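To keep things simple, chains are lettered A, B, C, D, E and F as they appear, and every chain counts its residues starting from 1.
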Amino acid sequence: MKMVKAIIRPERLEFVKKALEVEGIFGMTISEVMGRGDQKGISLQYRGGTMTVDLIPKIEIDIVVGDTDAGLVIQKIRDAAYTGKIGDGRIFLLPVERSIKVRTGEETT
Amino acid sequence: MKMVKAIIRPERLEFVKKALEVEGIFGMTISEVMGRGDQKGISLQYRGGTMTVDLIPKIEIDIVVGDTDAGLVIQKIRDAAYTGKIGDGRIFLLPVERSIKVRTGEETT
Amino acid sequence: MKMVKAIIRPERLEFVKKALEVEGIFGMTISEVMGRGDQKGISLQYRGGTMTVDLIPKIEIDIVVGDTDAGLVIQKIRDAAYTGKIGDGRIFLLPVERSIKVRTGEETT
Amino acid sequence: MVLDTGTTSWLLISTALVMLMTPGVGFFYGGLVRRKNFISMVALAFIVFALVSIQWVLFGYSLSFGSDVGGFIGNLDYIGLTGIPNEAGEAGYPPLLFVAFQMVFAAIAMAIVTSGFAERVKLSSFIIFALLWTTLVYDPLAHWAWGGGWAGAYGSLDFAGGTVVHISSGFAALAVALVIGKRAGFGEYSMEPHNIPMTLLGAALLWFGWFGFNAGSALAANSLAVNAFLVTNTSAAAGALSWLCVSWLRGKPSSLGMISGAVAGLVAITPAAGYVGVIPAMVIGAIAGILCYGAMLWRLSRKMDESLDAWAVHGVGGLWGAIATGIFAAMAIGGFSGLIEGNVNQFIANAAGALAALVYAFVVTLVLAKLVDMTLGLRVSEQEEYVGLDLSQHGERV
Amino acid sequence: MVLDTGTTSWLLISTALVMLMTPGVGFFYGGLVRRKNFISMVALAFIVFALVSIQWVLFGYSLSFGSDVGGFIGNLDYIGLTGIPNEAGEAGYPPLLFVAFQMVFAAIAMAIVTSGFAERVKLSSFIIFALLWTTLVYDPLAHWAWGGGWAGAYGSLDFAGGTVVHISSGFAALAVALVIGKRAGFGEYSMEPHNIPMTLLGAALLWFGWFGFNAGSALAANSLAVNAFLVTNTSAAAGALSWLCVSWLRGKPSSLGMISGAVAGLVAITPAAGYVGVIPAMVIGAIAGILCYGAMLWRLSRKMDESLDAWAVHGVGGLWGAIATGIFAAMAIGGFSGLIEGNVNQFIANAAGALAALVYAFVVTLVLAKLVDMTLGLRVSEQEEYVGLDLSQHGERV
Amino acid sequence: MVLDTGTTSWLLISTALVMLMTPGVGFFYGGLVRRKNFISMVALAFIVFALVSIQWVLFGYSLSFGSDVGGFIGNLDYIGLTGIPNEAGEAGYPPLLFVAFQMVFAAIAMAIVTSGFAERVKLSSFIIFALLWTTLVYDPLAHWAWGGGWAGAYGSLDFAGGTVVHISSGFAALAVALVIGKRAGFGEYSMEPHNIPMTLLGAALLWFGWFGFNAGSALAANSLAVNAFLVTNTSAAAGALSWLCVSWLRGKPSSLGMISGAVAGLVAITPAAGYVGVIPAMVIGAIAGILCYGAMLWRLSRKMDESLDAWAVHGVGGLWGAIATGIFAAMAIGGFSGLIEGNVNQFIANAAGALAALVYAFVVTLVLAKLVDMTLGLRVSEQEEYVGLDLSQHGERV
């Protein structure tokens, strides 16, 4: 089991969801986060001064999938979240030891 | 160390907290998330049409515990979060390598 | 790759960010969470009664760094988040298997 | 009488003030429900306002203020507002202004009733119910008290609608809650107000608008209006403080308690505003705060889900106000004496008038709600309720 | 004529009511945009109000209501409000009160135009544009209709500003949107309203304030004001219900649709409020709700980013209102007959007046916006837009 | 004099408008604090309103407007409002209306003082303090200026309460802040406003209500009221723009700056509204915006935690307004000449009156706050402050 943790632009969420649905992947948990990357956010010039907006709103998507699907999920997210501009986000892959469905108690290891 | 990451119904949070307190487990971090499971959320029928509400509000609970306690925590959460209806949530278990308490610097590995 | 997941006081965020910038660490994702530690939150006395506020607002910072930097990041966060009072927070270290930058596809393992 | 521009001006603005109370109720209620039903609560208030606005000019006004039929209802002479002159009549203001002023009262009464429907009503059925209720409950009651019906003739005093608006809507909300049933999960887990500041905002609009409600009911810009204005404020303040204090004895003094007390005070002084002075108003308000707080606790102890306490605050507060008017009415203020000045009859007339309205409103509402429930279904499906009315009824999300 | 304190009182409060509409527009719009531009939308409304307040007393009033120059504009006699007596003149109220009352109309017109700028305008350029627009578009149009200009003389009826305020601002918003271009991402991903309750709050303030807008335009506390008050409410209610119903046929009935319909009804009755009765008002409002809903759908189908639908609601609603006034005007209400009473001329005069204003407002706005865009740049940078105007223009965050 | 219904109507609605300002202050302040104290700030405003409403009718009015005792205070003749006729007296409106109108001024003054208590005051002690302050600070000051006390007799002009309400509350807030001490963490980490739109909403209510505050203070619906209305708006607009501009020189022009400037303009014109024309009003407002902005910067540079700038805006703005009245008063507007028309005496009288009130308010508040602090403790515990007042004082959460 792996957890794919993707931090993406909020406006790309629908695209990512669609792309995953095509693959039959529905389960996910999302949350609103703020983030900055290596660029330290966005710099705005004004009247000579510079203002840095360092924390930009992002959406974090957590998807727990079997080891074999992880690569596919990452690929689909990457494609759907991509715009090519700074701030497109990151995808992390974390190991998951157990996954239990509360309703059924069903477990996947 | 393990991190138990449980995604549950908001209205079950109090039950989960109570169940864990009984076991002497207090430490936790919670956040508001939205999620969908394999059912792709909830479908509402109306005037012939169907509307799918795919992201339903959930509470995510993160609890870091020693390896031995993890099973107990999972069990208690599962019992307390259970309603038997679709949307009861998931519990994931992730490995944690280190855990440091900021105030004391105390570390558990 | 490691994920440093720090739960700190909201009012220490700026200090933590500054401390990390000094080390050249910019990338991070933050979210608003609520939490309680072993003290079960804060107890307020009033007219004989006691009221426990068990979930206190915190900021969660996720930083994915290379294995070698993890210790430094933890140290810097700890120092900057420290006040010495109950509720200073926790820092967890989780293993990360892959990290992909959406824009460039660049991957660090 | 020629046009009195001062009085006309006061009634115009009073009508606008009372209009603002309907969204005020929407925000008051909207803050109290869970986030997923916030839009729904505010939308219900607006929809009520629109529906009643149309119903009123088409036939509601006529039913309420048309020539009396058997003491019970008005006739249809004024359908579509035909035959109502727009020139100042004997009252010194244009009669159409009275139509408008009464209209906003009808609207807010129905808006208060939404308390009993909160977080579980089906929009389409609600619309049907609202039209039935305003026609079959509100219009007769308005006629009884002010339109030439039996209650006014019998001598019940209701200055600004304590009975017509508040008892009727408060007890109607209770009846509705009984028919529609508890919210899923009620009593099992807590359903905390999701946005208290919005409730406080609604309360601010209510308090503000209530000056039009009560002081406008003098139907003139004169010393009666001034008296009503001042005692309204005094009673609200006393209610706010008394609820604050008694609830403080049991725990933390919440802002919601304080503001509920203010509304209780406003409700209780409504029937009395033109008949009592400032010190009795203080007593009326203070008692209202305590009584309504008690009613709320009782309701909770009985595990009844009249969700937003229209019953405890408007129903019980209105009942107390009607009785209090019979007790405290002072000849020197409004030309009527109550119990304290030795007039038992006034006390009896007021209690009887209030009770009759209470029974009528409760029973007819029960029947109407049951009827709509059996035919169209009052309640959304379990899934729709879980998802929330904002999404399921309006397709919207906060 | 001596001072009529009743009328003075009514105009004072009407002016305050209309003033409240400008922040009302701010909150209405602020709820509709994305969170990152919420403060910006509300701030624009306030800034507009401040700018126009100063412009108006310095020279705007004079341009609008100074002695006529060629039917097109007023002269500069009243610059700095010199020469305006403060004692009650022949109207029964102090002439300065008319200045204040007209001022708040000028402000709200410009506030409505911000719809076309939403989420992408550069603050500094906006300020320049707003000053130009109110001076070169609003002031002449006010003069044409009410200040002794050609439209009033020609016989176009515009009771409270359907043409002067709503057609002008609605079509100006469209012109602005064409010049400034679509928001980044428009049509690509959805940009949902981030806070619908705030929009509903804004709508409540608008509805409330509109009583001052329309009934205040009677310029007296008399039966004409009462008629305007009542028909305003009726039309709003009818618009709310008609938009609700037609949109229900296509999906869920949103609260935004309902409230947009109410605003459409308010807009459409604005020019007619002193000339039609309550049943025609119901028709006008109901049609307005449907027409404006259609206009919005058409705008969306054409992928035009007139972001907050000032054009669909104020522009189209205002146009319909102007025409409807020419249709439904009734001699018995306001002294003028429309098409239905056989007076084709009135119909033509109203249509022509509206069309002229429409063309003038659209073309001049197009030119002004283009001019400001070419010189100062109307639009923020891509990065600033992405981050949002709250942060990039004001350094603030919700 | 017989009842003037127009004036009565205007004063009724003005009283309601000023009432709305108190929750307006609550929302203005509530948006500025951190989320955990939002409810607390709004609740304090409501509680103040309730407390003062009761205190005023019981004895506050009598202390302020009872027969003069030594130029300092009123006597107790009107306790419980006994002996005040409700029929129109010589002023043309019922005397009880004056009681109500003055009451809402007393309430808002105390509400402004809450700025100094923000985010750290103990509710129970606050209630005691508020009762003491309104009785021992506000009531005497109202008496001095308007109730027959020395300041009025001496010739200080204060049209609508620049000194009585704003200087007193602004400097009182400063005194309170000094006694209660800085918020934990002040100066160490930033405490940003958590909900700017709510502050803008509060500001909208304040601006709206201020028309009742200033134009109502004419105590008639006449040309004086109209003048006050117009200059109030002009000064507010000028203040908004001047603060916007000067703050723009140092960084981004925030919406909070703009709106603080508007409030500064409103404060500064308050004492002058019946004495100056529209161009001086523009000057007064513009200077107020700059002065108060400077005062705020100075306060920050001194690391003083008068948290929500009641001192910088109301205190300093009120002081400037009092002086400006002495400078700009024009015989033709209000019957008094100021410095510009060569009357040095007026200037001195106004400066002296303002200074005396300033010193009195500051010193007495200091003593009262110290007293309450030493006996009951003004401040919550460290833990309660950390958790926030919403939870610790009210048991509620946004």
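Keep in mind that, in the parts below, a residue touches a chain if its C-beta (ideal position, glycine included) is under 8 Å from a C-beta of that chain, and two chains touch if they have at least 3 such contacts.
For clarity, every value in this text was computed on a predicted model and none was experimentally measured.
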| item | value |
| --- | --- |
| Minimal step count in the chain contact network, chain E to chain F | 1 |
| Where chain A and chain D overlap in contact partners, by chain label | B, C, E, F |
| Chain pair repeating A-E, as identified from C-D, A-F or C-F when over half of the contact pairs by residue number coincide | C-F |
| Distance between chain centroids, defined by C-alpha means - chain D, chain F (Å) | 34 |
| Gap in Å, rounded to a whole number, between the CA centres of chain D and chain C | 51 |
| Inter-chain centre distance, chain B versus chain D - centres from mean C-alpha coordinates, in Å | 44 |
| Chain E: positions in contact with at least two other chains | 4-7, 9-10, 13, 201, 221, 251-252, 395 |
| For chain A, residues that touch 2 or more chains besides their own | 31, 51, 94-95 |
| Interfacial residue positions of chain C with respect to chain A in the complex | 1, 3, 17, 21, 26-31, 64, 94-103, 105 |
| Interface residues, chain F side, partner chain E - complex | 4-7, 9-10, 13, 17, 192-193, 195-197, 200-201, 203-204, 207-208, 211-212, 215, 220-223, 225-227, 229-230, 233-234, 236-238, 240-241, 244, 251-256, 258-259, 262, 277-279, 282, 333 |
| Chain E residues within the chain A interface of the complex | 36, 185, 188-190, 381, 383-384, 386-387, 391-392, 395 |
| In the complex with chain E, residue positions of chain D that touch it | 3-10, 12-13, 15-16, 19-20, 23, 26-27, 30, 38-40, 42-43, 46-47, 49-51, 53-54, 57, 80-81, 86-88, 93-94, 96-97, 99-100, 103, 123, 198, 201, 205, 221, 393-398 |
| Residues of chain D touching chain C in the complex | 251-252 |
